[in-house]
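Next come two complexes, and both contain chain A; in the first it sits with chain B, in the second with chain C.
Then we have the complex of A and B:
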C-alpha cells in the first residue's frame, strides 16, 4: 500500500491492463483526511490540517481491493485498489511483486536516498569558542 | 448590521469580467499555469495550503492563480472548497522524529546527535536582488550537490534535554483532541485546540505576536532547540480494514522552542517548550507558532498572563485570517439602514446642541 500510494498513475496503468475484470464497490471518491501531530512531537495528539485524499474499493474475482491515497487522482486510487485486490491472489502475487512493487519501491527508496544525500551535502560544522554539554 | 440588496447584476457581471481580464494581465505574455505556480512559487503555495487548512498543493496553486496572488483570498477559496468534500476520517499522528529530513538545525547544541543540515534555505544568502533571474530562457540550475553518505536518523533535541530531566515532558497520551472544524472554538481552549487554530492561523499575525513576546510583551527567553523540515508519512486506519495503511508523504516544518522556567513548589526548575508544526515548508510560521504556543501556556506554568500573546481569547479569536477578513471586509457591504439611523440620531443631537447654544 505504501508503495502504491507513492506511485504515479502512469506507473501503475500498464500493469493493470491484463488484470482480471473488476467492479467498483465504492468510489473512486475524493475527500478529506484530518492530519494530526503531537504536542512537542511526542505528546498528546492535536489536529493539524485536513489533506485531500482519494479512496476506492473494488471487487476482483471475489477479492476486495482497497486504496486510500493522498491527493485527488481518482485513476490512481482505482488502479491501486485493483492492484491491492490482485496482490491477494496467490497466483498473481509473485509476478506483481516482482514487476510492479519491487521496481517502484526501489525507485521511491532512491528518491528518498537522493534527498538524504542532498541534505548530507548541506551538513554544517559551526566553529565557536564555546564548548559545552 | 448590513442589509440585503437587490439589483446590480449587470454591474457585478461587468466587474467580474474586468477582474478576469485583470487577472490574466497582458495577453502578449504567456499565461501562468497552475503547475508553474506549484513548482516555482512553492512557498506561496505552502502558505495558502496551511492557512486554507487543506493540504493539497495543486488546489492551493489554483487558488493563488484565481486570487491573483492574494494569499488571504486564496486561503478563503481553499476553505470554501474543503467544505464541499466528505471527511474520510482522522489520520494517525505523524511521527516527526522519523521524518525524512531535508533540513534540521539547532541553535542550542552545536554538535547534537545527527548533526545539523541546512537544506534548501534562504539563511546566509545576502538578500541582494539577483537580476540574472529577470532574464528569460535561463539554463536550469545545476543539480544540488549530493554527498556520498545519506543524512541519518536525527533524534529530537527535546529528547536529549529530557534525558537529563532538564526539559518538562509533554504528557504522552492518545486522548482524542478537539477539532475546530467540527466544534466551534470555545474557552477555556486546551492546548490541542490552540495548536490546531494556530496551524491554520495567519502567518503575519502569529509572527507579530511571537515577536512581541521577544520584545517584552510576555516573559519569553526562547532558544531554537530544533527546527526540522522534511517529509513525514501519513497513515490512516480505515474501519473497514481494521489496520493502518500508509497513504503517502507530506512535507512539514516543525519548531521546538526551548524556554526558561523557574519551577514551582511541585516542579523543579527546568526548561519548557513551545511547539510549532505547519504543513509545507514554512519555518517562519513554525517558529512564530512555537513562541505563541509557549506564551499561551503561561497559566498552566503558573506565570502571570499580562501580554496579548498570553491571552487565548485574543490570539485564537484573531489569528484566523479568513474570519478576520470576513468581518473587516463585510464593512464594505451595504449598511444603508444602519447608517440611516446613525444619521438621524446625529442630526437630532446636533440640532439640540445648536439649540442649547442659541443666543
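Then we have the complex of A and C:
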C-alpha cells in the first residue's frame, strides 16, 4: 500500500487497464489529515500541520480495496484502491507483485537512496567546545 | 458491500430536507428524491435517512444484522451503541421498549433519540387519525406493519413532554414524520 501511495498515477494507469471491473463504494474524495510530529524525534507529540489527502474505496468482485494518498490526485487514489483490491485476489497477486509492486518499490528505494546520498554529501557536523573536551 | 448515495453531499442534503418537510407536516407522506441501495433488511428510505443523519458523533442502534452493521459503519462512521444510549435507532422490525430509549431531559429535551421505524406500507387513507401542531384539523394515515401496541406505547410517553421521542416511519422510499407533539388516534 505504501508503495502504491508513493507511486505516480502515470505509473499505475497501464496496470489497471486489464483488472476486473470495479464499483466505487466511497470517493474518491479529498480531505485533510493532521500530521503530528515529535520534537527531536522522541519528544512530546504536537500537531505539525494539516495535509491534503485523497481517499477511495472500491469493490472488485467482492473484495474491498482501500487507498489513502497524499495530495489531490483523485485518479491516483482510485487506481491505488483498484490495485489494492486486485492484490487480495490470490489468482492475480503473484503477477501483480512482480509486475507492479516490485519495480515501483525498487525505483522508490533507489530515489530515496540517491536523495540520502546527496544530503549526506553536504552534511555539516555541529560541535562546541564542550563536546570536544 | 454496496455504495452509499451516488452524490454523497446532494443525497444527504436532499434527504435531510425531505425529513424537515415530513416533520413540519406530521402524517404527510414524503418521497425521498435520492436513495442508496442498502443491504437487506434495511429499506431505501431508512438507509437514506441513516446516511443523512449519522456521523461519528451520533451513537446508532440497529437490528439489521452483520451486513447492515458493516454498511452503516463504513458509510456513516457512526459508533454502534445499545438502544438506551443511541441517538438514532434504525428498527427494521419491532423496536425496543420506547420508554427505555434516550428521551432527553426537561432541560435538554432535544437530547431525545430519533427512531427510524420501518413498516411495510404507508397510505393516506383511514386508519390512524393524527392531530397536533403542524396539522390544521386531522390527517389520515394508514400504516401497514406497525408493531403491535405501538400507538399505545408511544402515547404513554406523552405525559413526559417536553421529553420524548421523534419517530420517522419509513416504507420503500417514502417517509412520514411523527414528532413527539403529534397525537395518534386509532380508528377501527
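Note that the second predicted complex is superposed on the first by the 121 of 133 C-alpha atoms of A that agree within 3 Å, B and C clash if a C-alpha of one lies under 4 Å from a C-alpha of the other, contacts with A are read in each partner's own complex, and residues count from 1 in each chain.
The rule we apply is simple: a residue touches a chain if its C-beta (ideal position, glycine included) is under 8 Å from a C-beta of that chain, and two chains touch if they have at least 3 such contacts.
In this text the structure is predicted, and so the values were computed from the model without any measurement.
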Chain C versus chain B on the shared chain A, clash or fit after superposition: fit
Between chain B and chain C, more extensive residue contact with chain A: B
First (chain B), second (chain C), both or neither touched by A:1: first
Which of chain B and chain C A:24 touches, first, second, both or neither: second
Chain B versus chain C as contact partner of A:116, first or second or both or neither: first
First (chain B), second (chain C), both or neither touched by A:43: first
Computed vertex angle (chain A) for partners chain B and chain C, CA, steps of 10°: 90
Smallest distance from any CA atom of chain C to any CA atom of chain B, in Å, after fitting: 7
Chain B/chain C common contact set on chain A: 29, 57
Complex contact set, residues of chain A against chain B: 1-2, 5-6, 29-53, 55, 57, 66, 68-72, 112-124, 126, 128, 130, 132-133
Touch list for chain C against partner chain A, complex: 1-4, 8, 74-75
Residues of chain B touching chain A in the complex: 49-50, 53-56, 58-59, 82, 85-94, 96-97, 100-105, 109-111, 115-119, 144-152, 156, 158-159, 169-181, 191-193, 195-196, 199-200, 230-231, 233-234, 236, 238, 240-241, 245-250, 252, 254, 256, 273, 275, 277, 279
Chain A residues touching chain C - in the complex, by the definition given at the top: 23-26, 29, 57, 59, 64
